[in-house]
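Two complexes, one shared chain (chain A), two partners (chain B, chain C).
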Partner chain A sequence: MTETLFDNGPFQYSDIQPLPISSGDKDELCQILYDDEYKEVMGITRALLEKSEFSERALHATSQAIQLVPAFYTMWNYRFQIVRKLYGADPAKLNDELDWLDQFTLNNPKNYQIWSYRQALLKLHPSPQFLRELPILQAMLDEDTKNYHVWSYRRSCVFFFQNFDHELQFASDLITRDVYNNSAWCHRMFVLKSQFKPTPPTELLKTEIHYTKTQIELAPQNISSWNYLQGLYQEFLDNKFDAEVVDFALTFTSGAFDSLEKPSQILSSYALEFLAHVYGQSKDTSDKACRAYRALSEIYDPIRKNFWNFKIRSLTT
Partner chain B sequence: MKPPAPLNDERFVAKKHQKFLERHLHILPSKFQDNEPNKLAIVSYALLGLSILGVDISKKYKGSTEYLKKHYQEVENEIGYVAGFVPSISTHVKGVPSLSLTSTLFGIWSLACLVNADRLFEIIDREKVCQFVAQCQVSDNGLFVSSFDVTPPKPLHYSSIDPTDLRHTYVAIAILYLMGCRTSTDFSRYISLDGVLEFIKQQACPQGGFGQYFEPHAGFTSCALSILKLINDRWDILPSSFYEVTFQWLLQRQISSDGPMTLMTNNEGFDPEDHGGFQGRENKFADTCYGFWCLNSLEILGPQTSARFEGHDFLVDYLLNNTQNKLLGGFAKNDEDDPDLYHTFLGLAALATISGDFDGTTFLPQNISRAMKLNRL
Partner chain C sequence: MSGQDLKTLKFINAQFLGRKRPTIEAISDEQMDQDSSMVCMTSLSTETTEDREEVLLECLELFESLGLENPTLLKEFHKSYLDYSFNNALPRQMKALDASQPWILYWIACSLRLMNREWLGEDIQRRICKKLFKASLENGPFCGGFGQDPHLVCTYAAINALALCDNVDGCWDQINRQGIYKWLLALKSDNGGFRTGLVVGECDTRTTYCALSVAAMLDILTPELCQGVEQFLLRCQTYEGGFGACPQEDEAHGGYTFCAVAGLAILESVEKCNISMLSEWCSARQTAEEKGLSGRSNKLVDGCYSYWVGAVNTILETQGYSSCIDKPALQEYILKCCQSTERPGLRDKPGKSPDYYHTTYVLMGLSLTEHSFNTTKSASAISTREESDKFQLGAVNPVFGLPIEDLRKFLSHT
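Moving on to the complex of A and B:
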C-alpha cells in the first residue's frame, strides 16, 4: 500500500490485515459501488472489531468509520465499549469523548445515534454537568430551532439533572425569536407538568396566562400559543374557563357570530375554535358553539368542513 | 361511497415511479455507501412500492430470495437461540452479534413481497425471531433497543447506546404480529406488554397525539396507534375522549391556506402552497411522508371515534401536483427537494391507503397483509 486513504493519526496499523468487504453476490439487490477510502477504512476498523481490540488506535479507527457511515450502529457500539473499557469512570477522558461527540454532532445534525450515545456517556460519567451540555444544545438549536431530537435531549437532561431553573426563560428566548416555534411552546408545558406535582403554583399559572395572551396579541393566528393557553386551563384549572379569557378570545373573532351572509375577515380561526370549545361545555352556550363551528365550516376553515359539521351534530344531539 | 382511486388518476406517472424504484434495486453509486446499514430498508421500500404499482415482483426478483436469506442469522444465547436479520452481509463481522430489530422487520417485509407465507416460515424460525424481540426489551419497562452490545458476545446484552423510542416499540410489536401474535396473551408470552402500554400512555400529549415529553409528533403518533391496533384488545388504556382529541389533532395537521391563514405572513414555517398536505407538527411545512403517517393514524382511529376524515382529495392534489416528480418519477419531501426513495414509498403508500390497497398497521399492501394475517401462532 503506497498511498493510504486511512488517516493513521499518531497510530500504527501496519500489523492489521484489513477485512475485505464481500460484494457482488448473484442476485444481489442494491449493490453499492464502494470507493477506495470506504473499503480501506471499513477493512481496518472491522478487522480490529473482529479481534476485539480495545485500544486508542481502535477508538481512532471507529471515528473514521462513523464519519463515513454515521448510521453504522455496530461501530457506535464498538466505540462505546472501547470508551468503557479504556476510560471507565475517568471524567477527563469522558469529557474528551464528549468533545469529540460535540464536533461530530455539529457536522451530522440529523443523525439518529448521537443523542442516545450521549445519554449513555452521561450515565457512565462519574460527575456529569448540565452546564457542559448547554453549549452544544444551544448551537444545535441555533442551527434548527425546531429540531425534535435536540429538544427531546434537552428535556431528558433537565430530567436527568433535575434542573428546571432556566427552562421557562429558555423557552421565552426561543419564542421571542420565533413566536411560531411549537417546540418552545411545548417546552413550557413540559416544565409545568414535570416540575410541579400535582399543579404549578397559582401565581405561576397567572403569569403564564398573561404571557401567552401577550404573545397571542403579537400573532393571533398561531396554533401553538392557543394550544398552550387551552392546555393551561385543561391541565391545571379543571377546564374552567373564566370570562376574562373568553372576552380575550372574542377580540380576535369580530363578526364571526353575526350573520354569515357577509362574512368579515377575522384575526384568528384558532380563537374561534377556542371559543367553540369553551361554549360547547355548557348547554346555555351551546348555541354560540354551534355558530362558531358553522363559521369555521363555511368560511374560516372549510378544509375541515366535515369535522366542524360533526361537532355541530354532536352538540345538537 | 366509492373510494377515490388516485392510483388511476391521469396525473399519476406510474411507469416513471416504477423506473425510479427499480433503479434503487440495481447497482448504486458510491454516494449510497453511507446507507449500508439501511440496505434492507432500501430493498423493502423499493419492493413494497413496486407491489403497490402492481408489478409482478415475486417473479421478477425471485432469485433475490436467496440473497435476502443470507441476512437471516441465528445466534446462540445462554437461553437458546435468537434469530433475525443483519443489516448488511457485505460489512458483517463474524462472531459479532449484529442482528438488528429494524433490519429484521425490513427483511420480513422484503421476503413477504417475494415468497408466500409458508415459504417465508421455512426460511425464518418464528419462535427464534420472537425470542430475539424478547431479548431487545430493556428489562422491566416498555422500551426496546434494536441491537445487542458488540461485546461481550456472551451472554447477549441489549445495546447500551440504542435510542429507545416508539419506533423501536412499533418494530417489536409489528414483528411479533407478523410472526402470529394476535392478542395480549400472545404478545405477553414474549414481552412485558404492561411495560409497553405504560410507555404508550406516558407519550400521550395534552393537545392529542403522541410524542416525547408532551410534544406530539405525527410519526410517533402513527407508531403508537399502530401498536394499539396490532394488540387490538387494549384500547382501554386511554379514555375515549383522548382518541377524539387525537383525531382532531391529526385533522389539524392538514394544512389550509384559507381564512385567517393568509394573515400568517410572518410565519417562517408556513407556505400557502402546502394546502392539502400534512405536516408532522404544529407550525411546520407539509411533507409527503406525513401524508401517510397522519392518514394511517386517521384510518386506525376511525372505528374509535364517530368523526370522519374527508380531506382525501386535497391530499391527493397536494401529492400529485406538488411533490410528485413528473419528469424523473418518485416523490420528494416537498415541492422543492429532489425525489428520494423514502418519500416515494410513503407517497405511494398514502395514495394506496386512500384507495384501500394498503394496510398501514402492518405496513404492507393489502394482498400481502391479508395473506400474512392468516398465520396465527
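Moving on to the complex of A and C:
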C-alpha cells in the first residue's frame, strides 16, 4: 500500500493483510459504499481480531475503528478482551483506559455501547472509585440533562458502589435548573427506594413531600412533580393521603368541582388528576372522584377521555 | 380556522409570551391577553418548555395549513424512498448503521409489505435471505453485518426480516434453531434478563424482549429459557406506570415499556403488572396540542412512539381493556406532521428528516390506529376484527412488530 489512511500511531501494521468487510457479492442488498479509510481501518482491525492478537497495536486499532463507527459493537467486544488480557488487574492501566473512554464519551454523547463497556471495566478493576466516575457523569448530564443512558448508568454506578451520598443533591441541582426534568425526579425515587429498605425514615419522607410541594408551587402544571408526589404516597405511605396534601392539591383546582356547565379555569389538570386518584381510594369519596374524572374528560384534559372514562367505569361498577 | 385550532393558538400565545413567529401575531387581535384555555398556562420558562414551544409552533402551522381533513398516506411516494434503498447501494455516511444491517432490511421490507404486500417481490426476498445468512454464525445467531460478532437485537431484526420472505428457497428451514437456542441460554444473566452478546453489552428490557420474541418465533421458548424472565420484566415497572430499561427504578420510557409489555404478552403475564397505572401512563403520553405521543413525561412528541406506546395500548386492548389513547388525534399527528410532500419517507416530527426507523414505526403506529383486534391472551394468535379495503395499511401484530399475515405463515411453518 503506497498511501495509508490508517493513523498508525507509534505502531507498525505492514505485516497485516486487511480482511474484507463485506461479502463481496455483486448483488448484495443495501451494500454500504464504504470509503477507503473505513475499509482499511476496519479491514486491519478485523484481521487482528481474526488472529486473536491481544496487543498494544490491536488496542490502538480498535480505537481507530470505534472512532469511525461508535456503534460497531464487535470492536468494543474485541477491545474489552484486549484490555482484560493485557492489563488484567492493573489499576493504573485500567485508569488509563477509563481516561480514554471519558474523552471518547464526551465526543459521542448518544452512543449506546459506551456504558456497558464502562460497566464491564469497573467490574474488572480491582479498586474502582466512585469519585472518579462523577465528573464524566456530571459533564454528560450538563450537556444533555435527560440523556437516558447516562442516568441509567449513574444508577447502576450508585448501586455498584453503594454510595448514595451525592444523589439527592445532584437531582435537586438539575431540578433547580429545569423543574420539568422528569429524569431528575425519577432519580429521587431511585434514591428513596434503593437506599432505604423497606422504607425511608419518616423525617426524610416529610422533607421530600415538602420539597415537592414547593416545586409544584413554582410550576403547577407539571406532570413530573405531581407523579412524584403521588409516587411517594403510593410507594411508602400505603396510599394514605392526609388532609394536608388534599388541601394543597385543592388550591390548584378551585372551581373544578362546581359545575360542568360553567367551568372555570384551574391552575393544574395534574392536581385534579391527583385528587381524583385520592378520592378514588375510598368508597365515601368515590362520587367526588367521578366528578373529577368527568371534569377532566369533558373540560380540562379531553384528549385523554378514553382513560378518564375507563376510570369512571371502574369506580361505578 | 376551527374552534379547536383557535383554542390551541390561544394556548400557545398564553403559554409562550415571547412569540417568535409572525403566524401567531396574525391572529393576535382577538383578546389574546386573556387566557382562555381551561388550564392556566402561565409557566416557568425552562429548557423543557422552550424545546416544546418550538415543536408546538411547527405542528400548529401544519394543522393550520392542512385544514380539517387528514391527508391520505402517500404510499407510492414513500415507496420511492424505500425502493431506492433496495435498488441502489447506500451512501458512505450510512456506515453509521454498519453494525445494524439486519435492521435496515427489516425496516424497509416491513414498510413495503405493510403498504402493499406485492411491493416486496421475490427477488428482493431472495437477496434479503442471502445477505442475512452471510451475516450469521452458521445460519443463526445473526450478526450486525458480514464478519461481525453475533448480537441479540440483530438476531431479532434478522428473524423478523426472514419472516417477511415467504420461505423463499426454503429459507425458513435453514435457520439454525438449535444454535440460536443454545446461544440464548448462554446470554441469560442471573437477574433474569438477556445480554446482547457473550463479551460486553447491555442487559435490559429491550434485549430481553428480543430474546423472547426470537424464541417464540422459532418455537424454542422453553421453561428453562423463561425462568425468572417474567420477574425481571415486572420489576422494571416504575411509580409512573410505564417501564424502564433495568430493574433499578430507571425512568419509564416508551421504547422500554413496549419491550416489557410485549415480553410479558409473550409470557402471557400482562395482567401481572399494574394495568391501571400502565394505562394511565400511556394515556398521559398524548397531549391535546401536538396530538401525537411522547416517550416520557415532559419529553417531546415523536412519531416512533405511535408504535411503541400505541402497541402497548393495542396489547391492552387485546387483553380486554379499553383503549387509553385518542386514535383519530394520533392519526392527525401522523398524517399531518410525520409526512411531508417535500421528501418521501416518514419522520419523527416537523423539521426532522425521514429515516427507515421512523418510516417503519410511524407506519406500524398508523396501522394500529386503523384496525381493531379480537380479545386473546395469546400474543401469536392476535387477529383483527374485520378485514376491509378502507384501511390504508395491512394489520400489524402489536407484540412481534410484523404484519399479522406474515407472522401467521411463519409460525404455522415452524
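The rule is simple: the second predicted complex is superposed on the first by the 311 of 317 C-alpha atoms of A that agree within 3 Å, B and C clash if a C-alpha of one lies under 4 Å from a C-alpha of the other, contacts with A are read in each partner's own complex, and residues count from 1 in each chain.
To be clear about the criterion, a contact is a pair of C-beta atoms (placed from the backbone, for glycine too) under 8 Å apart; a residue touches a chain by one contact, two chains touch by 3 or more.
For clarity, every value in this text was computed on a predicted model and none was experimentally measured.
J.: Mind checking the superposed model to see whether chain B and chain C fit together on chain A or clash?
T.: clash
J.: Which partner does A:F196 reach: the first (chain B), the second (chain C), both, or neither?
T.: neither
J.: Tell me which partner A:K26 touches in the superposition: chain B (first), chain C (second), both or neither.
T.: After superposition on chain A, A:K26 lies in contact with chain B alone.
J.: When the two structures are overlaid on chain A, which partner does A:F257 contact: first (chain B), second (chain C), both, or neither?
T.: Neither partner.
J.: Output check: A:S52 vs chain B and chain C. Expected answer is one of first, second, both, neither. What do you get?
T.: Once the two structures are laid over each other on A, A:S52 reaches chain B alone.
J.: Quick one: is A:Y180 in contact with chain B, with chain C, with both, or with neither? Answer first, second, both or neither.
T.: A:Y180 sits against chain B and chain C alike.
J.: In the superposed arrangement, what residues of chain A touch both chain B and chain C?
T.: The answer is residues 19, 21-23, 25, 27-35, 38, 46, 68-69, 71-74, 76-77, 80-81, 112-113, 115-117, 120, 146, 148, 151-152, 155-156, 178, 180-183, 186, 189-190, 193-194, 219-224, 227, 230-231, 234-235, 265-269, 299-307, 310, 314 of chain A.
J.: Can you tell me which positions in chain A touch chain C when the two form their complex?
T.: 19-23, 25, 27-35, 38, 46, 68-69, 71-74, 76-77, 80-81, 112-113, 115-117, 120, 145-146, 148, 151-152, 155-156, 159, 177-183, 186, 189-190, 193-194, 218-224, 227-228, 230-231, 234-235, 263, 265-269, 299-307, 309-311, 314
J.: Taking the touch rule as given, give the residues of chain C at its contact with chain A in the complex, in rising order.
T.: Residue positions touching the partner: 35, 37-41, 43-44, 46-49, 85-86, 89-92, 94-101, 104-105, 108, 124, 127-128, 130-131, 134-135, 143-149, 151, 196-197, 199-203, 238-240, 244-246, 248-253, 276, 279-280, 282-284, 286-288, 291, 296-299, 321-326, 329.
J.: In the complex, go through chain B and note every residue touching chain A.
T.: 24-30, 32-39, 42-43, 46, 61, 63-64, 66-68, 70, 89-91, 93-96, 98, 100, 146-147, 149-151, 159-164, 205-207, 212-217, 248, 251-252, 254, 256, 258-261, 263-264, 266-270, 275-276, 281-284, 306-311, 314
J.: Considering the complex alone, what residue numbers of chain A touch chain B?
T.: 19, 21-23, 25-35, 38, 42, 46, 49-50, 52, 68-74, 76-78, 80-81, 112-113, 115-117, 120, 146, 148, 151-152, 155-156, 178, 180-183, 186-187, 189-190, 193-194, 219-224, 227, 230-231, 234-235, 265-269, 299-307, 310, 314
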